[in-house]
Each structure stands twice: as C-alpha cells, then as structure tokens.
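In the two assemblies presented below, subunit A is common to both, partnered first by subunit B and then by subunit C.
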Partner chain A sequence: MAKIVILGAGVAGHTAASFAAKWLGNEHEVIVVSPNSKWNWIPSNIWVGVGEMSKEEVTFDLAPVYAKTKANFKQAKALSINPEGSESNNSPFVTVEYTGQGKEGTTEDVAYDYLINATGPKLNFGATPGLGEGTNLGEHTVSVCTADHAIHASHELDKCIEKMKAGERQKFLIGTGHGMCTCQGAAFEYIFNIEHKLQERGVRDMADMTWISNESFLGDFGMGGLHFKMGGFVTSSKVFAESLYAERGMDWIIGAHVNKVESGMVTYETLDGAIDTQDFDFAMLIPPFAGVGMKAYSKDGSDITDTVFAPNGMMKVDADYSKATYADWEPSDWPKTLQSPAYKNIFAAGIAFAPPHPISKPMKSPNGTPITPTPPRTGMPSAMMGKAVISSIRDMINGAPEPTHTSCMAEMGAACVASAGKGMLSGTAAAMTVFPIVPDFKKYPGTGRDINGTTGEIGLAAHWVKHLLHHAFIWKAKLKPGWTLIPE
Partner chain B sequence: MIREIITYPAQTGVEYAPDVRVFDDELYSFIDDLKETAEANSLDGLAGAQVGSYYNVVVVKQGDEFLELINPRVLKKKGTIRSNESSSYFPNVSVDLDRYESISLVYEDRNGESHSLKAEGDFSILLQRKIDYLFGANFLTKLKDDEKEKFEALLASSGVSCPTTPRSFSRDYFVKVGNFIMIAMILLVGVALFISDEATLSDMWSYQLYFSYAVLSINILYLFYSYYENKKYSICTNCFNMSIYGVVAISLVRLTLLMIVSYFLIG
Partner chain C sequence: MSEEVKVDKEHSHVQHVEPYTPQFGTMIPSSGQKFMRTCVIWQIIRFIAINIKMTTLILKSHH
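So, the complex of A and B:
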C-alpha cells in the first residue's frame, strides 16, 4: 500500500486529492494536509469584495467532502520535508503543525511514498513596508486574496460609498503592491467591479479611480501581452485595456513598484527611476507571492532547502533554471512532469512550483529595482497540473518507472473571465482564452500564440459564463454526482 | 533596403509586436532599412509594423538624425491636446484626435541599453502615433465612435471603406427581426391571459411555436451571416464585431424563458 500525501487543498491540491481518492483510495492511503478548513473558489472573491456574494457562497468545509472519500484530512500546515527520512526514521516524511481539529499547535511527522506540494503561495504582504507584516494584511489597504480579506474589502468599500453619498470625494487605487507581483487579472477584474458598483449606487461621479501596476504596458497581464481574436477583429490587450479604462474614466500608473504604503498614500518607483506618491482613500493592492517557507532536511538533519526549493521558496521541478537572459528563454524551459529533479517521488503543482523565469520582458529601473510581473498561474492550469501529477503517481504506483503525464504552461491554454458586475441582465464582462500561456515563437511565428486559440469576447454572456463556472467548479470541488465530467 | 509601406485598407498583419529579445545583425539591418524607408518617403517616423514586421522598433526623426527606439513603452502621460495628424498608413487624409500633451518613455537602444525620454508637443505626438502601430493600433482605434464614422466617410470618399462601428454591420438586421418576433410573442402571451376558449388557445400555441421556430432560424442565419461578414471585412483590422456568440446566447435564453411562460399560459 502506498501513502500519497498532498500538501494544500486549493485548486491544484484539491484536484489531485479528489482524483487520488477516486483512483487510489481503496488500496492506498491518501492524506491531504491543509491549514485551511475551507475550500475557496477564489475567482468569486472579487464578487465578495464588492458585497455581491457572501463568504458562504464561495467556500465550503473540506472535512465532510474528504469524509465521503477515502482521503484522510489533516488541518495542518507543512513545516518541513525530510525526503530521505531521518536518522531514526528511514521513510521520507513531512512535518506538519495542526491548525485545527482540536490539535492546534501540535506537530506530527507524516510519512509518504509520494508527495505533492500544492501549498499555493505565501501572500507576502511583508515585502512592501506598510502593506502588511509577513503574511498578514496591513491596516492601510484591503485585499481580495482570501474570502475573509474580500469581506473586509467589501465593508471598507461600503464606508467609502457612504462618504461619497454624503458629498465627500473618494480616491480609489487598485492594482499591485510590489514590483514583482502576479495576478494583475484579479486586480483588473476588481477595479471594474468597483466601478460598476459605484455606478449602480449612483456615486461614480464622486470617485477618482486609478490603476497602479508593475506591468510595463496596460494589458501585459504577466504574459507579455496578448492579442484577442473577437469575431473577425484582432486587437492587442493593450488597446483593449486602454479603451476599457478610458471609456470608464479611470487613470493608470504603470511600470510601478510600490515601495511604501502609509495611511492614505503609497510611494512608488517607476521604470524611469522616478519616485512618486499617490493618495488614496481606498486601496486594494495585490501582494507579491512567495513559497510558503517550508524547509527541507537530509537524513543526517542538514539543511537541503536550497536543493529542494528555489530562493523564492517555491519548489524546483523539471524546469530549466539556468537561462539567465531574456534572449535565451525558450518554451522548453518550462516544466512538464512537475517532478522534483532531486527526489523522484516529490511533485509540485499550481503556484507551488518555481517557474524558470517570467513570461513578460524582465525590466529594471535605473536604480536597479526589478519591476516585472511574475508568471500567472490561474485556476485552470493549476487544476490541470494537479490532475497530471496524480495521474503520473497513479501510474508510478502501478509500475511506471517515470511520470507518465505532463502539464506544461508552454503547451496549454488558459481561460479567464473578467466580470464588471454580477448581474444576469446588465453589465459587460470579458471572457478570454490564451494558447499557449507561454508564447512559442518557433511554433507560432509573430506573437508566439495561436491566433485561433487566443480569443476574447466582450458582452453580457461573459457574466453568465462566470456564474456558470462558479457553480460548476464548486459542484465539482464538492465531488457531487458527475464531478469528473466537469473539465479542469 | 527600402521596404514597402503598407497602406489602408490592407492589414499590417501585425496583431502587436512582441518584445525584441535578440539584438543581432538581423535587427540592426532591419533598423537601417526602416530609417532608409522613412528617408526615401520623407517621413518623420516609421514603426516596424508599418512595413509588416513584428520587430518592436520605431525610428523617429530628431533633428537631422533618426532616434532608434526598441521595445518602447509610454510610461507616463500628462495633459490632452487636440492634434491634426496624417499617417503614411492612411495616405491623403488627415484626422483630428486627442493625444497626450507630454509623455515619458522607456526604451532600449540597439545595444540593449535601457533609456528614458521625456517628450512634449509635436515630438510627443509623433512618438505616440508610431508606438500605437506596435500595439496594433492606428487612427481608427483611437477615435470615438462618432469621429470614426466621419473618418470612415472621408476614407470612403478617397476610395476605400470599411465598417468600423457595430451599426455598420448588416447582421444587426437579423437581431432586430428576431427581437420584433419576440415582442409579438410577448404580446400573444398577454392576450392569452384574457382568453379562455380552448380552441383559440390551441391556435395561439401553434402560432407561438411557429414564432419560436422563426427566431431559432434567424439565430442560425445570424451566425452564418456573421461569419460571412467577418470574412468579408477581414481586410479591416479595426472592424469592431459584436460578440456573435453572446448575441445568440442572449436571444436563445430569452426565447427559452418566453416559451416556458407560454407553455404554462397558452400550451
């Protein structure tokens, strides 16, 4: 009997856990370790952040779902990995510290035969002074990264709306809180939802709205920009984004590294080396992501964290990390099997794996400050990685010598829906697909992407798509009847 | 080598110009060609996309020399001014449009060194116009709908035309006809509330079914015609097409809801 331990129960981890329980649960032991008791459909946090949805609508308890399967759920956070075991224990194990189930604070060594690291990111608010401390959100800004953050954001938004109704102008600042952030898409969706909300509440004319981002042009999205094929019309994401902002009277600051957040003001450095400030009454700034900070130890107890993890704390996998310059980057640098090169029974999926390099052009200010979006790893690719990894592990348990499945961001597409409101009959949203995520200039000369696989639609229908995805993926995550028929 | 400058309504074939990654002789040769082409055509600037290249390169006249900008980005903008402009992409016409009064750029030179630049007035406008081409934009993408219509009329009078506003498309007539039929269906449902005779209601249900078939057929025709129209105007890189799938989806959902209500009230 093999023991499969999955660290994390987000999109990648929960997908891997669900298929592990289905395929292997009868004969093997599946253990899921997550510090959170609830699963969160993160894309809908945007709607929680504008008061259109409750926390209960975007989350559910994990324990009852795993109780239905043969998976053993431990509400705990992973502290370290001993891939070779220890002097007193020959089996590899991961040390976890409970955060719930009545065992808070106690640690346990969980042995494994196969380990999937799907811990997701550490929300590194502490990287920007004033944005927060460590993983904790600070007092000056809001966030939509978790459902609780989004509820807080919604309350703060309501306060601003009340002030505007009382005749007090409010300044909104939405975007990224550091030069090395990803997830511009979430902030992009949030600013349009806020704008829509302010229109609905009749106070839009009292609001000054500004986008701030580390992108070197609007519409970079951490992917070096893209084009959309909309019917017979092809447009670039820059033209698309600029027209959306201009139509809605929103200003933008780009190429910006926010280096300090204070009450009502951010200080930022731009790609030309200038330092400037921007006032705000309401700011939602996405923090940079890092690995969760797990350590790794060899059998004799020496620290091998640098062998297993990249400097940013994310796990090294079968990527080529040697390409230092932009000119040398190739799609083949991106990992395929997501297997650790050091330990063949360890895999990483979703945000937990270390990308070989950004997708967008790396840029620095004259002061040497890197201001470059890091690669986005959204729900769809994360789920596909989770499924590929557990498929390989299933086959390796059954005798395959090497991983049998791949999930490579240079070979897969992604879909994204950016809503502007939640209504079924009003508002417009953008539904986009991009293929491949990492451009391949040899295969697709020109933009590096398939002109037919990279599309965009603007209209009310995208709201319906977002509603459909919300319900379909929560249904799937709850492992309700037919869940396997819903694609990743 | 002097290259051919693409003119409207032909497409540049460049959706947008990805960043230059390799700085080599091929790039240097292309930049030299771009300068030579601009000089030969007495132009004050030229973007790679205007000669159908994916190179993210612009050359602009600064004094007697051409300034080479590789991977340029308009980082900051200030003020708005109304500018009367012409471009080699739209020969023999000019247009008034809004531009930023001053801009701040970052770009690279042919050695890959980063620079920043502040530009004002005519130089700022020239840079904005050229960088637009690198991101697949031109006058037509910058103009507001009403201005765009006037500019289209101007283009048509000079021998070229291309629909750039949603209402220019004939496909919209299908949507209108479909909407009229559904209004008739709603009226029929309203009338049915005051009728109790079974035979009349049965006839009305039949009409409602025929109407629904008509709406379905119109949606199918709309889809096919939209594809035809997209191909017909594929020469126009800036034609704005409505979301055809979205339009059909909305129409079919409305029809379904209407038929459900009709079934319970008439059927």
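So, the complex of A and C:
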C-alpha cells in the first residue's frame, strides 16, 4: 500500500486529492494536509468584496468532503520535508503543525511514498512597508485574497459609498502593491466591480478611480499581453484593456513598484525611475507571492532547502532554471511533469512550483528596482497540473518507471473570465482564452500565440459564464454526483 | 453667457474622455457596441460560442 501526501487543498491540491481518493483510495492511503478548514472558490471573492456574495457562498468545510472519500484530512501546515527520512526514520516524511482539529500547535511527522506540494503562495504583505506584516494585511489597505479579507473590503467600500452619498468625494486606488506581483486579473476584476457598484448606487460621479500596476503596459496580465482577432484586426490586449479603462473613466499608472504604503497615500517608483505619490481613501493592492517557507533536511539533518526549493520558496521541478536573459528564453524551459529533479517521488503543482523565469519581459527602473509581473498560474492551469501529477503518481504506483502525464504551460491554454460587474442582465465580464499560456514566437511568429485559440470579448454572456463556473466548480469541489464530468 | 450644448447620444457614454489624455489615445466603444454587450438575444448566442471556445481549449490542453 502506497501513502500519498498532498500539501494544500486549493485548486491544484484539492483536484489532486479528489482524483487520488477516486482512483487510489480503496487500496492506498491518501492524506491531505491544509492549514485551512475551508475550501474557497477564490475567483468569486471579488463579488464578496463588493457585497454581492456572502462568505458562505464561496467557501465550504473540507472535512465532510474528505470524509465522503477515503482521504485522511489533517488541518495543519507543512513545516519541513525530509525526503530521505532521518537517522531514526528511514521513510521520507513531512513535518506538519496542526492549526485545527483540537490539536493546534502540535507537530507530527507524516510519512509518504509520494508527495505533492500544492501549498499555494504565501501572501507576502510584508514585502512592502505599510502593506502589512508578514502574511497579515496592514491597516491602510484592503484585500480580496481571502474570503475574510473580502468581507472587510466590502465593509470599507460601504463606508466610502455612505461618504459619497453625503457629498464627500472619494479616491479609489486598486492594483498591485509591489513590483513583482502576479494576479493582476483579480485587481482588474475588483476595480471594475467597484465601478459597477458605484454606478448602481448612483455615486459614480463622486469617485476618482485609479489603477496602479507593475505591468509595463495595460493588459500585460503577467503573460506579456496577448493578441486576438477583433474588428478585422489582430489586436493587442493593451488596446482591449485601455479601451475598458477609458470607457469606465479610470486613470492608470503602469510600470509601478509600490515601495511604501501610509495612511491615505502610497509612494511608488516607475520604470522611468521617477518617484511619486498617490492619495487614496480606499485602496486594494495585491501583495506579491512567495513560497510558504518550508524547509528541507537530508537524512543526517543538514539543510537541503536550496536543493529542493528556489530562493523564492517555490519548489524546483523539471524546468530549465539556467536561462538568465529574455533573449534566451524558450517554451521548452517550462516544466512538463512537475517532478522534483532531486527526489523522483516529489511533485509540485499550481503556484507552489518554481517557474523557470517570468513570461513578461523583465524590466528594471534606472535605480535597479525590478518591476516585472510574475507568471500567473492560478485557476485552470493549477487544476490541470493537479490532475496530471496525480495521474502520473497513479501510474507510477502501478509500475510506470517515470511520470506518464504532463502539464506544461507552454503547451496548454487557459480560459479566464474576468468580471466587470455583477448582474444577471446588467453584468459584464471579459472572456479570454489564450493558447498557449507561454508564448512560442517560433511557432506563432509575431504574436507568440495561436490567433484562432486566443480570443477576447466583453459582454453579458461572459458574466453568465463566470456565474456558471462559480456553481459548476463548487459542485465539482464538493464531489457531488457527476463531478468528474466537469472538466478542469 | 454661453448656450448649453446637448450631448450627442452616440457620445454620451464617453463624454468624460478628455483630449490629449491617455484615454483619448485608445479605442473606445461605439454606442452600438455598448448596446450589443448587454443585448440578451445576441448574448445568448455569444454564451454558446464562448462555451464552445473554452471547451475546445480545454480538450486541446490535456496531455
């Protein structure tokens, strides 16, 4: 009997755990370790942040779902990996510290035969002074990264709306809180949902709305932008995004590294080296992501964290990490099997794997400050990686010598639906597909992507799709009847 | 005292755009395009089209 341990129960981890329990649960042991007791459909946190959904609509308890399967759920956070075991224990194991189930603070060594690292990111609020301390949000800004953060954001938004109704103008600042952020899409959705909300509440003319981002152009999205057919042209996402901001009356600051947040003001540096400030009454700034800070130890107890993890704390996999300059980058640099090169029974999926490099061209200000979006790898790619990794592990348990499935961001596409306002008849969203995620300028000269597989449009239909996905993926994650029919 | 100018209805949704600002230098939707974005009959057709596109993409991406 093999023991499969999955660290994390987000999109990648929960997908892997669900298929592990289905395929392997009868004969093998599946253990899921997550510090959170609840699963969260993060894309809908945007709607919690504008008071259009409750926390209960976007979360559910994980324990009853795993109780339905043969998976063993431990509400705990992973502290370290001993991939060779220890002097007193020959089996590889993970040391975890409980965060719930009545065992808070106690540690346990959980042995494994196969390990999937799908911990997701550490929300690194502490990287920007004033944005927060460590993983905790600070007092000056709001966040929609978790359902609880989004509830707080919604309450703060309500206060601003009341002030505007009383005749007080309000300044909104939404975007990224550091030069190395990813997840611009979440901030993009939030600024448009706030604008829609303010229109509905009749106070839009009392609001000054500004977007601030580390993208070198609007519509970069951490993917170096994308191109699709529109109106007889192959059009850049820069035009697509700028058009939306212009239509909705928003200003934008791009190529910006926020280096300090104070009460009602951010200080930022732009790619031209200028240092400037921006006032706000309400600000939602996405923090940069980092690895969760796990350590790795060899059998004799020496620290091998550098062997297993990249300097940013993400896990090294079968990527080519040697390409330092943009000119040298190739699609083949991106990992395929997501297997650790050092330990063949360890895999990483979702945000937890270390990308070989960004997708967007790296840029620095004249002062040397890096201002480059890091690659997005949430949502659909995460789920596909989770499924590919557990498929390989299933086959390796059954005798395959190597991983049998791949999930490479240079060979897969992604579908993204970005809400621009909620309402069954008044809502809109931007529906985008991109193929492949990592551009291939040799195969698709000029744009880097298949212009028949890369599309974008704005409208009510896309809002319906986003609503449908909300219900479909929560149904799937709860492992309700027919869940396997809903594709990743 | 200058006479108040009635805003052309084709431009009412973009009357906030000021000349020589970044917003002035990009594509802005026509009123017809704006209407189609929430026209239910057209959007039902687009809903089907988006689902087909996304399903095709998903099938192409699994290895």
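We take it that the second predicted complex is superposed on the first by the 483 of 488 C-alpha atoms of A that agree within 3 Å, B and C clash if a C-alpha of one lies under 4 Å from a C-alpha of the other, contacts with A are read in each partner's own complex, and residues count from 1 in each chain.
In this section, a contact is a pair of C-beta atoms (placed from the backbone, for glycine too) under 8 Å apart; a residue touches a chain by one contact, two chains touch by 3 or more.
Treat the numbers as computed from the prediction; the structure is a model and nothing was measured.
**Q** Given the alignment on subunit A, is it a clash or a fit between subunit B and subunit C?
**A** clash
**Q** Looking at the overlay, does A:311 come into contact with subunit B only (first), subunit C only (second), both, or neither?
**A** neither
**Q** Contact-wise, after the overlay, does A:249 reach subunit B, subunit C, both or neither (first, second, both, neither)?
**A** second
**Q** Quick check for you: in the superposed arrangement, does A:64 touch first (subunit B), second (subunit C), both or neither?
**A** It touches nothing on subunit B or subunit C.
**Q** Between subunit B and subunit C, whom does A:488 touch in the aligned arrangement: first, second, both, or neither?
**A** Once the two structures are laid over each other on A, A:488 reaches subunit C alone.
**Q** Report for A:441: first if it touches subunit B alone, second if subunit C alone, otherwise both or neither.
**A** In the superposition, A:441 contacts subunit B only.
**Q** With both complexes overlaid on chain A, does A:301 touch subunit B (first), subunit C (second), both or neither?
**A** Once the two structures are laid over each other on A, A:301 reaches no partner at all.
**Q** Kindly classify A:460 by the partners it touches after superposition: subunit B alone (first), subunit C alone (second), both, or neither?
**A** both
**Q** I'd like to know which partner A:234 touches here: subunit B for first, subunit C for second, both or neither.
**A** first
**Q** Tell me the contact category for A:405 with respect to subunit B and subunit C: first, second, both or neither.
**A** A:405: touches subunit C, not subunit B.
**Q** Which parts of subunit A are in contact with subunit B and also with subunit C?
**A** Common interface on subunit A, subunit B vs subunit C: 239, 243, 457-462, 464.
**Q** What residues of subunit B sit close enough to touch subunit A in their complex?
**A** For this pair, the touching residues of subunit B are 14-16, 18-19, 21-23, 54, 71, 73-76, 104, 106, 114, 116, 135-137, 141, 226, 229-231, 233-234, 237-247, 249-250, 253.
**Q** What does subunit C use to touch subunit A in their complex?
**A** 13-14, 16-17, 22-29, 36-40, 43-47, 49-51, 53-63
**Q** Spell out the residues on subunit A that touch subunit C in their complex, using ranges where they run on.
**A** Residues of subunit A touching subunit C: 239, 242-243, 245-247, 249, 251-252, 380, 384, 388, 405-408, 411-415, 425-426, 428, 431, 433, 435, 453, 455, 457-462, 464-465, 487-488.
**Q** Could you please specify the touching residues of subunit A with respect to subunit B in the complex?
**A** 216-217, 224-225, 227, 230-239, 243, 254-255, 270-274, 326-327, 329, 361, 363-364, 366, 439, 441, 445-448, 451, 457-462, 464
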